[in-house]
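Below you'll find the structures, each written out as structure tokens.
What follows is chain A paired twice: with chain B in the first complex and chain C in the second.
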Partner chain A sequence: MIDFQYIFEYFNGAPLIIQIIWMVSCVLFVTAVVLIIYLKVFRSHLRKNEKIVKTFQKKYEELLITYLYAGVEDEEISSEQQSIINKLKSEIKNEFKREIVITTLLKLRNEISGEMADAIQELYCQVGLLDYSLIKLRSSSWYIIAMGIRELTQFNIEKANKQVVKYANHSKSEVRKEVQLYLINLFHFKGLDFLDDLKVSLSEWDQIQLLEVLQRSKDQEICNIIPWLKSENDSVVIFALKLAEIYNLFETKEVLLELISHKSENVRINLMRVLNHLSIFEAKEGIKRNFNKRNKEEQIAFFQLLENLYDTNDEDFILKQIYNKNFEIKFEALKILKLFHNEQFNNLKLTPPESEFVKIAKFLQNN
Partner chain B sequence: MDTSTVNIILLIFHYFFFVYSATAIASYMILAIISLVETSEYKKKNSFVNYKEILSSRVSPSISIIAPAYNESLNIIENVRSLLSSHYVNYDVIIVNDGSKDDSLEKLIKSYNLVKVDYLINQQIPTQPLRAGVFKSTNPAFEKLVVVDKENGGKADALNMGLNISKSTYTACIDVDCLLLEDSLQKMIKPFLERTDVKVIATGGVIRIANACTIKDGKLLDVAMPKKFLERAQILEYMRSFLLGRMAWSRLNGLLVISGAFGMFDKKIAIEVGGYDTNTVGEDMEIIVRMRRQMEEKRIKYKVAYIPDPLCWTEAPDNHKIFISQRNRWTRGTIETLKTHRKIGLNYKYRELGLLSFPYWFIFERMAPIIEVVGIIYFGVLLALGSIRWDYAFVFFISAYLFFVIFSLVAILSEEHTYHQYKKKGTGFKLILTSLLEPFIFHPFILYAAIRGNIDYFFNKDLKWGEMKRKGLTKEVISEVVEQK
Partner chain C sequence: MNKKKIVLAEDNSTLSLLLKFRLEKEGYELHMAEDGKKAIELIEQEHPELILTDIMMPFVSGLEVISHVRNTLDLKTPIIVFSAAGQEEMVLKAFNLGANDFMGKPFSPNELVIRVKRLLA
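Moving on, here comes the complex of A and B:
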């Protein structure tokens, strides 16, 4: 007791700064102890949680498999199936269990096909999971909205279209992406209609995802992309250009030619690739006329087009460009010259020997 | 000097140390809070990402992995195999053999059926010349591999050669001995492709320590905690640095460094700024500062992004000699970079770079070890003068120690809440114990290495990179560094 009294006396007699630092130290000490205990508890909770999840997953898996095989031909839903539905209905009231049920349903659905996969999908609606997903769409948190849309996508809930599409211009890119994936996965090319009213940029990452989903789709009937090629949104134009390239949309030629003088460099660079791919040689003259005004990337892309669509009218242009300061342009020009005017290429004066020009020419000679 | 003058000087010192420590602690706390928020947001956002789609896409952008190698004969075959095992579709691997004196090249030629090819190099960045030339494999299974054999010029020079050779839009510069997880490239490239409001110029990834982990055929099979305290302390240090430091700087768009072990760049911009600086040992930090500087000067909105996922695993020094040598080099690199770009400091034209990141690095990274040593000397002087107020000293020491421990504990918690890589029972206890002992056992070595770095910077100018002999991640890791003059 005397010791404690001494401590109190010391504390009371100490300068203010010491008193403050001691108090801070005490707080820090308590914090450290709490953190250590929390850390230990949290780690063991994580381990336990993993086991619990596995147990529930196993339980639900068994339940779902029983459900799938408990069907009776005469009845839409057998009594055994109904009891499983009722059981699941009560289980999913708990959020933690609900997530496990959804994961298990998805896992099973991905492993099976045909009628059984359809039955899983129906079960998603019957047990009331659909209602929970739809409730998520009304949340104020972007994260929950995105989760809801994802669930609707995973279980192919087409009827939620109207509720989902209103988030197409949501401020969070994650929500927008989920909307886009919902539309594309469920409605394929028709789902691309969201591009008509897209007010924000479609990132390259989003574009890649959408193209991949579209390419996987069984329905390959592509819609009219011309309005998107004329869109005010540059990212939509670029996406439409990629569609034109992948799906060989020659019918877009006239609009593509108009895009040669598009205000966006990025659009023009992407356009070059499409023009090349679709062999639209009519584009050449227009580009050659203001070649020097275009940026380097565009110029290089144009040369790749030229290599593919070369004709004798391009000779003068090529001869001018073999001395271009840019390495890639010089290389492309010399390559075209060698390909189509080998004699002229062989007669080139290769001096001084160390120059970039000679280096490229010699490389082309040897390869 | 009379007594009052001495007292005034001592008082100035008192207040200086107090203010410096308080500011440092406050800044750490702020950064930690920002980091925690940012990491949690990242995890949330990332839970919606499907990385599979970009893997097989024919429109996904091209990436070159550039890995410089110097006398890596022992592990080069396995390391290259690991680099070739990425799931990304549109990439190639450029191994730059930087004048190795061992049989690295011969081994590569034999193992990967390499043949010399005529390769036209656009020499946009000056480098040392080719030695044996450029090699490609005749085996279609290794068609993504390009091996360049050049005269020795150092890591930066080798990376520059890789930039010249690469035909890709993006380059991932990595240490050849690093283990990349299979989904590393798609995670690193994501910020470049998803940001539409700013130009992403580089992305950095978290570096994790692979000592004691089980690795087979270039794949990480099991994560374990090493037995040696030095290695464990580095694991904790990396957690603090990556999870509580860089994540915040990423949020503030103030990242000044991307680890040389694994970073991805927009190749065009990296070349525009002249590639890596061959005159510094901190080339990884220097190129980022230079790229940022250019973007600021051109008034282009940009971002240096940061990925907290554990994507790249590397071996950390397992003995004090190598550890000190490594930290010595890091210190010299920081000094060189900050000196080269001193114009940025407190220059409002460079916005947050000049007014926030740069001064922070100067005050709390560059100057911290010096101030700490001055503090120790000052303490010694007071001790000699018999002027120590032990009640003050004790309580300040206790509070500083507790803060340090709490900071480490928060880093461990952040790791557990996010990636939970160290799952084994007992690992948590080891990490907690390490955080309690680290200030006494580990920190003095960091301080010593930083001071050696300062001394070497000013008095040993010819000191360059060390030569590192490795045993590799698949076996017990023992490295030896010989400083080269």
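Moving on, here comes the complex of A and C:
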């Protein structure tokens, strides 16, 4: 009691700044204690949860393996398998357990192929997990829809195609990405049909993912990409250009030539790369005719194309461009000149029109 | 008749259980390790006739397990490695270290049994 009185008197007698420091210290101390207790409780809760998950996972793993080896040749589903299905059916009524069952099935489904992988897929449908995934598609939360589509992809559920494709133009990019991955993983090039009605932009990352999945696919029979090259959606056109480049689609040449005057600058720049890759010489004259009207990035891309597709008809054009005000264009023009007309390049070096010209020429000479 | 011993190093417990079931059915004695460290302990303890190991595992990788078997223990025990897609370089390293065969995931357990039988014949 005396100690408390002493502390109280000391506090009252102390200057204001000391009183404030004491109060702040006390508040911080109490906050730290509360946080430590909270973290301890939270950590023990997580560990407890982890233990429960492990216990259920072990139980479901054993059920799954028993199910896979309990098949009888002359029966579609043996009585032992049916009893496992019934057991799992009642377990998955609980959302927590349902997620563990899905994780367990996927853990094995992703690692094995053949009959057993098909049997896991069959089990997914038999126990009713497919119905839960389809219910997720009707949710009002975008992330639940995305999760539902991902499950359908992981278990190769082709028959949900119509329900999934409805979300191809969803406002959330995460949902759209899942739809695209579903279609490409399950239907390969045929799955690209969603591009016909795609109203939103296909991001660069989405395009990379789609191309990667397509390249991994066993079915490499590519469909007709011409409608996508003519699409109103610029991102679809750019994606189709990438397909033309990767799969060397020379048959698209006529449509590619039409794209030279496409309204989108981004499309035109990507087009240069494809024209270069497919060695479409016919494109050059059209581009040269309105070269000055094109933006700098496009002009530089065209010079990279010329470096590969150069012929003597381009000489006058190149000679004109070595005096271009843009450094990169000038550099590219001189590079082409050195490559194909070394004598003319050496003559120009002797009568330098400007100092920058000499610098570039010297650099090219030494490299 | 003594059963032939196999050490299986795989961190995916479901896959381990499936392979254990399958290979025991074929008459082998399976010893399972959930990481490379435990696999090395089991190999030293059990002296198996065959080792099945995943490449990517916690603590000690499959490559280190192969290196330990070939260089430290100086054993000629056949080794089959499991690899996921995109681990081609790791597979080459595994072969350079002395692995005998490899299977890319996802793989068929039936195909694994055929390869195991071939190596233990």
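In this text, the second predicted complex is superposed on the first by the 317 of 367 C-alpha atoms of A that agree within 3 Å, B and C clash if a C-alpha of one lies under 4 Å from a C-alpha of the other, contacts with A are read in each partner's own complex, and residues count from 1 in each chain.
To be clear about the criterion, a residue touches a chain if its C-beta (ideal position, glycine included) is under 8 Å from a C-beta of that chain, and two chains touch if they have at least 3 such contacts.
None of the values given here were measured: they were computed from a predicted structure.
In the superposition on chain A, A:K253 makes contact with neither chain B nor chain C.
Touched residues of chain A, counted separately for chain B and chain C, are more numerous for B.
Of the two partner chains placed by superposition, only chain C is touched by A:L68; chain B is not. By the document's definition of touching, of the two partners only chain B reaches A:R47; chain C does not. Judged by the touch definition given at the top, the superposed model places A:A14 against chain B, while chain C stays out of reach.
Of the two partner chains placed by superposition, only chain B is touched by A:W22; chain C is not. Look at A:K288: by the touch rule set out above, it reaches neither chain B nor chain C.
In the superposition on chain A, A:K87 makes contact with neither chain B nor chain C.
Listed in rising order, the residues of chain B touching chain A in the complex are 44-45, 48, 50, 53-54, 56-57, 59-61, 118, 120, 122, 124, 190, 192-197, 391-392, 395-396, 398-399, 402-403, 405-406, 409-410, 412-413, 416-417, 420, 423, 425, 428-429, 432. On the side of chain A, the complex with chain C involves touching residues 57-58, 61-62, 64-65, 68-69, 104, 107-108, 110-117, 216. Interface of chain C with chain A (complex): residues 12-15, 17-18, 21-22, 25, 85, 105-111.
Within the complex, the chain A residues that touch chain B are 10, 14, 18, 21-22, 24-25, 28-29, 31-32, 35-36, 38-40, 42-43, 46-47, 143, 146, 150, 173-174, 177-178, 200-209, 211-213, 235, 242, 246, 327-328, 331, 359-360, 363, 366-367.
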